[in-house]
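The two complexes that follow have chain A in common; it is paired with chain B in the first and with chain C in the second.
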Partner chain A sequence: MSQLSTLSDAELVQRCREGNTDAWNELVERFSRYVYAVCTRGFRLPEEDAEDVFQEVFTRVFTHLDTLRNDAALRPWIAQLTRRLCLDSIAKRGREQATEEPMAGELASDLDEIDEAFTVREALATLSETCQEMLDRFFARDQSYRTISDELDLPSGTIASRIARCLSKLRAELEGRKVGPDGSRG
Partner chain B sequence: MTTFDDERIGELLRVLPPAPEGWVRAAQELPAARRSLDEIVARAEADLAFRQALVADLESALQLEGYEPHRRVVDELKRRYSES
Partner chain C sequence: MSTEDYLDLRIDDFLDRLAEGGRAPGGGSAAALTVAFAAGLVAMVARCSRGSWADATGVAAQSLAIKERAAQLARTDADAWQQASAALGEAGADGDPEGRDRELEQKLGRAAAVPLEIAELGADAAALAALVGEYCEGAYRADAAAAAALASGGASAAAHLVQVNLTVQEGDERLKRARASEQAAAESAKRTLASIR
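Take a look at the complex of A and B:
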């Protein structure tokens, strides 16, 4: 786990403003899954459009980081920016060809779930590196016990119990948090 | 306050798979791309021959001068210097 991964959003923004390239890499790493999920799972953009929105989001964040008034509000800012750019992309595509647009209620529910998932990932980031690896590989990367065992060089018979232990640590971490409406990191 | 059980936590972890590596790398390279863009633009402002080469054939001009053709840089330069 890099030291930067333990920084709050506000501290990370501060380092980015100072021109710290590693801090920028961490910011992209921290929000890349979120932006990707909003584009593809929330708004169901085709891959090509999702990539354009993804790059545009980070370009604007990089360019306008100095204008962010409250450094702790990085997450809601990125969320709003991503949603707006997804809508622009759908509108642009709609002018060119008919696209499958998510229904409003379904979209809102998917975006809520993505926000909730981000909160879970923030809690995950507080666990040991082994637990992070284990849970990420099994759930987010959909790797089998066998693959996890091979790649982490652990006995295959211990993977299930390790995952269960890590899950229970993650649950304890989540239960200790009060989740706000935007789940922002202070 | 949201309540979580193991099954729900597992579902939520699945909601955020990694973004494609190439996308993440390109976004992480933005600071370097921005520096490169600023350098190219400054040079184009000061050097007429270089500016003309960019207008005539942007990608070849960049390659000839040894600039890394980052997609965002190329797009921005096309916007600024394309002949139209």
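Take a look at the complex of A and C:
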């Protein structure tokens, strides 16, 4: 894990403003999956349009970073920008071609899901590597306790308890980072 | 009826469907649902013990994940078995025998992979049942024991389905894994039942 990856969004924005190229790369890395997911899973843009929106989002973030009033609100700002550009893309392509455009309720639900997944991913990144590995293997890769035990060289009888403790840490992290609508942590 | 509909059925409708006389749902689907029941019970016991056990919520979350996976496998198994059964029926037909053999092997292989997964989930559900049996509130110990017994039964049934699959020979890695899961589940159940009597 690089040092930059442990910075808060506000700290990262500050480094980007100072012209730190590595910080900019970290910002793109941190939000690229989110932006792409909003484009493809939320708004169901075709790949080509999603790539255009993706490029445009980060171009605008780069050029307008100085206009961000609250540095901690980076994520809601990127979210809003992405949604607006997705809508522009759909409008540009023409409604008759956007056959898979989601309904408003469905879209809101998909976007909430993406936001939630992103929040969990961020919180997960704060846990120890062993915890991240075990949670990923059990919940995302559907691996059995035996497989996890064999591959991580841990006693099989302790896997379930270890996962439970990692989940407690994840929960504490998520509860500690409740993000308000303006991006502030409450 | 398509196997897609199993999870939408009422329990008595599913049981009628199971008893109907068709080839699916069959033993694999029943084993998968048995494991799902066991995992559901474990989740219930863990959730009811949150006041006295710090790991209860995390154990409940794992049980729910196992329950979801096992329930999905009820129809996956039926699909796999129906496809394998259809391929077996076409084995002697005219045409491309090598192509058909390859397809048959692939479909039978799939029909072994699903019960193997069910057996492994059964072992995990039994391990969780043993854990909740140890730490849950006293009033729920009997439910933990019931969950362990069900998980072990599901794992054992699924392991048997792996063993009798036509593509599985003695010494096959899949069979070793299925038997290991069956054994692990049985040990967890034995331990849990013994400690609660």
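What we mean here is this: the second predicted complex is superposed on the first by the 123 of 186 C-alpha atoms of A that agree within 3 Å, B and C clash if a C-alpha of one lies under 4 Å from a C-alpha of the other, contacts with A are read in each partner's own complex, and residues count from 1 in each chain.
Going forward, a contact is a pair of C-beta atoms (placed from the backbone, for glycine too) under 8 Å apart; a residue touches a chain by one contact, two chains touch by 3 or more.
In this text, all values refer to a predicted model and were calculated from it rather than measured experimentally.
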Exercise for the section: Please indicate which partner A:F54 is in contact with in the superposed arrangement: first for chain B, second for chain C, both, or neither. Expected result: first
Practice task
Report for A:E18: first if it touches chain B alone, second if chain C alone, otherwise both or neither.
Solution key: neither
Practice task
Would you check which partner chain A:S144 touches, where first means chain B only, second means chain C only, and both and neither mean what they say?
Solution key: second
Practice task
Please work out whether A:R165 is in contact with chain B alone, chain C alone, both, or neither, and reply first, second, both or neither.
Solution key: second
Exercise for the section: Determine, under the contact definition given at the top, whether A:D66 touches first (chain B), second (chain C), both, or neither. Expected result: neither
Practice task
Between chain B and chain C, point out the one touching more chain A residues.
Solution key: B
Exercise for the section: Answer with first, second, both or neither: which of chain B and chain C does A:G157 touch in the superposed model? Expected result: second
Problem - Overlap of chain C and chain B interfaces on chain A (superposed complexes) - result: 139, 142, 164, 167-168, 171
Handout entry: Contact footprint of chain A on chain C as seen in their complex
Key = 54-59, 61-62, 65, 69, 120-121, 123-124, 127-128, 131, 180-181, 184
Completion exercise
In the complex, the residues of chain A that touch chain C are 138-139, 142, 144-147, 156-157, 160-161, 163-168, 171
Completion exercise
The answer for chain B against chain A in the complex is residues 1-6, 9-10, 12-20, 23-24, 26-28, 30-32, 34, 71-72
Handout entry: chain A - residues contacting chain B, complex
Key = 19, 21, 24-25, 28-29, 32-37, 41, 51, 54-55, 58-59, 62-63, 113-114, 116-121, 124, 135-136, 139-142, 164, 167-168, 170-171, 174-175, 178-179
